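Across the two complexes that follow, subunit A remains constant while its partner is subunit B and subsequently subunit C.
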Partner chain A sequence: MTPMPVRELVRPYVAAFASRFLQMLQYRTAALAGFGTQCWWGGIKVMVLAAFYGGASMAGTPMSLAQAITYSWLSQGLLVLVPWLGDPEVAQAVRTGAVAYDRLRPVDAYALWFVRSAGWIAARALPRVALMAVFAAVALPLAGLGDWAWQPPASLAAAIAFLASAVLALLLSTAMVMLLNIATVAALNERGINALAGPVVIVFSGNLLPLVLLPDAWQAALLMQPFAGVVDIPARLYFGLMSGPHALAGLGLQCFWIAVLVALGHAAMDRTMRRLEVQGG
Partner chain B sequence: MGSIALLARLVKASLGGQARYPASALMLTLGQFLGTGIEVIAVWALFHRFGEVQGWRLGEVALFYGLVNCMFAVADALGRGFDTLGTEFLRTGAFDRLLLRPRPVALQLMGHDFRISRAGRLLQGGLVLAFATVQADIGWTPAAVGIALFALAGGVALFLGILVLQGTLSFWTVESLEIANVLTYGGVQAAQYPLALYAQWFRRVLTFIVPLACVAYYPALAILGKPDPLGAPAWVGMASPLAGFVFLAAAFGAWRIGLRHYASTGS
Partner chain C sequence: MPHILVDHLRKTYRISERDPGVMGALRGLVQRRHRTVEALSGVSFALERGELLGFIGPNGAGKSTTIKILAGILRPDGGRVEIDGRDPFADRERHVARIGVVFGQRTQLWWDLPVGDGFDLLRDIYRVDPQRYRRTRDELVALLHLERVLDQPVRQLSLGQRMRAEIAAALLHEPDILFLDEPTIGLDAPSKLAVRDFVRRANRERGTTVLLTTHDMHDIEALARRVIIIGHGRVLADSPVEALRAQVMAERRLVVDFAQDAELPERVAGARMHSRDGQTLVLDFDPAVTTAPALIARIAATHAVEDIRLEGLAIEAVIARFYAMHGAAEA
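Coming up: the complex of A and B.
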């Protein structure tokens, strides 16, 4: 076989990503409904955080109130990055037996599902985070609630590091969603898996609370575990809480977990697909 | 057969159906237990870091939290039929079948899908209540138990009312709108902290429009024997859960208007 040029090799994956991305962008009502829910949620979080910060001396807190508030809006905006659900399209393919078609395509099955799931996540994340930024960074100060506003990043370097980290967070999240997808294929049903995965991911990604606000004794372990790369590390870079060599270490940690989880997912997928019995027709 | 007996029969049938898949039911219950339990971690971690919040201690907030989760668990089990009305009944046309039966539609919906898994949230709320009892040294006198049960009843009525309104809305939208989660799950989220923490406009919303404070905050103050930092007199907590029933009655009023508006999708 003659080696194909790289462009030819990646073409089907780019096409799969783009089609899923554009398809998911069509669900505008869903994006608006999600945005409304997240504003309410973020608002409650902000009021509760402000109350807790209000009474305490600031000496012991590793994050200022303004940062904690910005963190809340940011993590609400990036909510769909948190990998608590497998890709419903994969779950449906498993249930209907359409997964058999994917087995026949002359492409790497893991890579194909990976780019599709990445498109699914990215297309839901972008409109929501943009709406949230307009609401919390522009509308709130205009409404006289400047104390509750989304603050800009610490510096230009922090902004660039954050953007790089957000892209890595998307890849990391997709690698985790892939593990959920594969578990769905093995179990033939997604409900139980999703129900158990959710709580773990929400706590350890930092979506529930900024990880630095959890007890000090846990901090080293909290930073090293893979879920920190989904929300918490990008947020730390945004605030400049990690800068210089620490910022590079943060990005490196994300890359490390992406590599580990992709390798794990690839191996698990090969194994599962060899045993798969297609039920539908 | 009387209405109560019929509801009991429907609930029993629904539970029996779910019990046929014990592993699935168990996993979903465990998922509910863990999923609703993560909020406990947030509350605990905030108190661990900050010590207290405007004079409220962990044990006191645990009482709000436990009460509100118990209320919602029961209401969510009863109101599932209203929650899925759009997708499961209206869009499919199955709603016409309910209308043909000579029994109240609302009753049939309440018994439609009584979820075992909601026991996970109930158990979690109960455990937090037990924790609150120890931590805040709550004396469960007959009066305190009475207030708690009254508050629970009012809270179940209020959350059921929210679900009925969500169902009513789907007569017009023909789908189940997730935006209602703002009031159900978001309501739980809001009511599990003391009302006094919030901004004034939000306190008014939670007292007069969606009276979550009336079924959780004021009765819990009465149980704790704590004066309201906002200055409400002590008797308020003994009467305020009535607001939950008023809300439910209003929701059923809206429901009847929606029902009259209903036209079958014809499928």
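Coming up: the complex of A and C.
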């Protein structure tokens, strides 16, 4: 058998990603509502941080107040990257038994779900982060609230590193969502898994608070754990807190966790599918 | 070697159970109870390319499980399946590229996507050549009358429209084998006829091998030449449809309407009285003992007859009797 050309090989996955991405982009009301909520929470976080910075002696803080504020807007804009929910399409497929059809496609089952979940996440992230940028980086300064605004990245190099890291964050987040998806299939229900995942990922991704503001003794461990790659590492690159070889190490760390979680997910999926029982009908 | 070979296939499911009520729920917290249900206990058959096989059996008999194993979705616990020399589960990706599957109770099209977009996505997932795809799709759209639903989202389709779209979706990549699991369930009469007509054509004109499960005996009579009856996870019978009918039931029924005020015969030689209702008499007879014309002549000679209808026993009755004979009815 001759090997398949790469274009043919990836065709199903590109199509599945594009289809989900374009479909999810159509939900404008959801994007606006999500944006509204995220502005509200972003505003509260910014005020809490300001009170926090104003009250304590902040000498030697690794992050300035302006950076911490920008961090809050950024992490609110990228909120949907935080993998605290399994893909609802998978949960529905499990409930209706349509999961059987996914086994009938002549493609790698893990990869097919992966690209569909990635499309789902990307299509929700892009409009929200764009709206958030317009609101926090453009509208706030125009309204005379420049102190509370979203600041530009530290440098051009920082911007490029951030963009690369954001793409890796999408893949990392998808790999985590895939684990939730697979657990959903194994448990035949998504609710318990989603409830457990939420608090853990919101804290450890740095969505709640920049990880550098957590106790010093934990810093090394906090940076190495996989969730840091979802929000915290891209943000550190944005501020230039990681640059040069450190920037590469940050991107490398993201790649490492993507590889580990994909391998884990792939193995778990094979195992789950072996035991899958599609009953009834 | 046969096209499809199924050899002593076994599959068991583990089912959790608990006693009903609050106490049962509490006990279930501490101690889980499982029961093993044998869905298939040694199913064997072989199929040649281009055959059209009907699977029938009571609910829970193992029909769907067999189809799911043949499709590569489920892994059997024992026995062997080979389709064109391949193991469907172990060699899943290559196997499923050559089959099409329709589950009547589930949907394979994407709920929020227009039908046409779903078809396009399947084209890419199956890596179908775009030119070839356009030809196949246009042909399927015309045959299944899908022109008007192509740009409607799947969730807005009627069941009949959806099922026709599902069948088209299963054939876009021109599979060698088509599995249909209760494809006519819940459909109205015109949709059923359209589906049957289409399946027959796909089998005859393209030579697609078709395996069909159904509870609708008209599907079997209209489509299948060969039928396998499954009960309690076993093959109870595997025969041509006609032979099955003859084997189980060598009995015909004659329904006679007598004229108003006419007297009804007390008994008719060569036939058994099944029932009488007003001026209507229902007689069962064995065509090997008495022929229908002889019976009719005998009655008409002495009584004023208004109308006579001859009925073969409906295949439904044949099957129900067969299930009862083998103790196969669902427990």
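As a working rule, the second predicted complex is superposed on the first by the 278 of 281 C-alpha atoms of A that agree within 3 Å, B and C clash if a C-alpha of one lies under 4 Å from a C-alpha of the other, contacts with A are read in each partner's own complex, and residues count from 1 in each chain.
Going forward, contacts are C-beta pairs under 8 Å (C-beta built on N, C-alpha and C of every residue); 3 or more make two chains touch, one makes a residue touch a chain.
A quick note: this is a predicted structure, and the numbers were derived from the prediction, not measured.
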- Superposed partners subunit B and subunit C on subunit A - clash or fit: fit
- Identify the partner contact of A:T96: answer first if only subunit B is touched, second if only subunit C is, both if each is, neither if none is. second
- To the nearest 10 degrees, what angle do the lines from the C-alpha centre of subunit A to those of subunit B and subunit C enclose? 90
- Message: Taking the superposition on A as described, I'd like to know which of subunit B and subunit C A:R271 touches: first, second, both or neither.
- Response: neither
- Message: Quick check for you: in the superposed arrangement, does A:T37 touch first (subunit B), second (subunit C), both or neither?
- Response: first
- Give one of first, second, both or neither to describe whether A:T61 is in contact with subunit B, with subunit C, with both, or with none. first
- Would you sort A:Y53 into first (subunit B), second (subunit C), both or neither based on which partner it touches? first
- Message: Once the two complexes are aligned on chain A, which partner has more residues of subunit A within touching range, subunit B or subunit C?
- Response: B
- Shortest CA-CA distance in Å separating subunit B from subunit C in the superposed model: 6
- Message: Just to be sure I follow: which residues of subunit A are touched by subunit B in one complex and then by subunit C in the other one?
- Response: none
- Query: Once bound in the complex, which stretches of subunit A touch subunit C?
  - Reply: 8, 11-12, 14-16, 19, 23, 96-98, 100-101, 103-108, 112, 274, 276-281
- Task: Provide the residue numbers of subunit C that touch subunit A in the complex, in ascending order.
- Result: 13-14, 64, 68, 71-75, 92-94, 96-97, 99, 101, 103-108, 110, 112-113, 117, 120-121, 124-127, 181-182
- Message: Please output the residues of subunit B touching subunit A within their complex, sorted ascending.
- Response: 24, 27-28, 30-32, 34-35, 37-39, 41-42, 45-46, 48-55, 177-179, 181-182, 186, 189-190, 193, 197-199, 202
- Item | Parts of subunit A lying in touch with subunit B, wherever the complex brings them together | 30, 33-34, 36-37, 40-41, 43-44, 47-49, 51-56, 60-61, 189, 191-192, 194-196, 198-199, 202-203, 208-209, 213-215
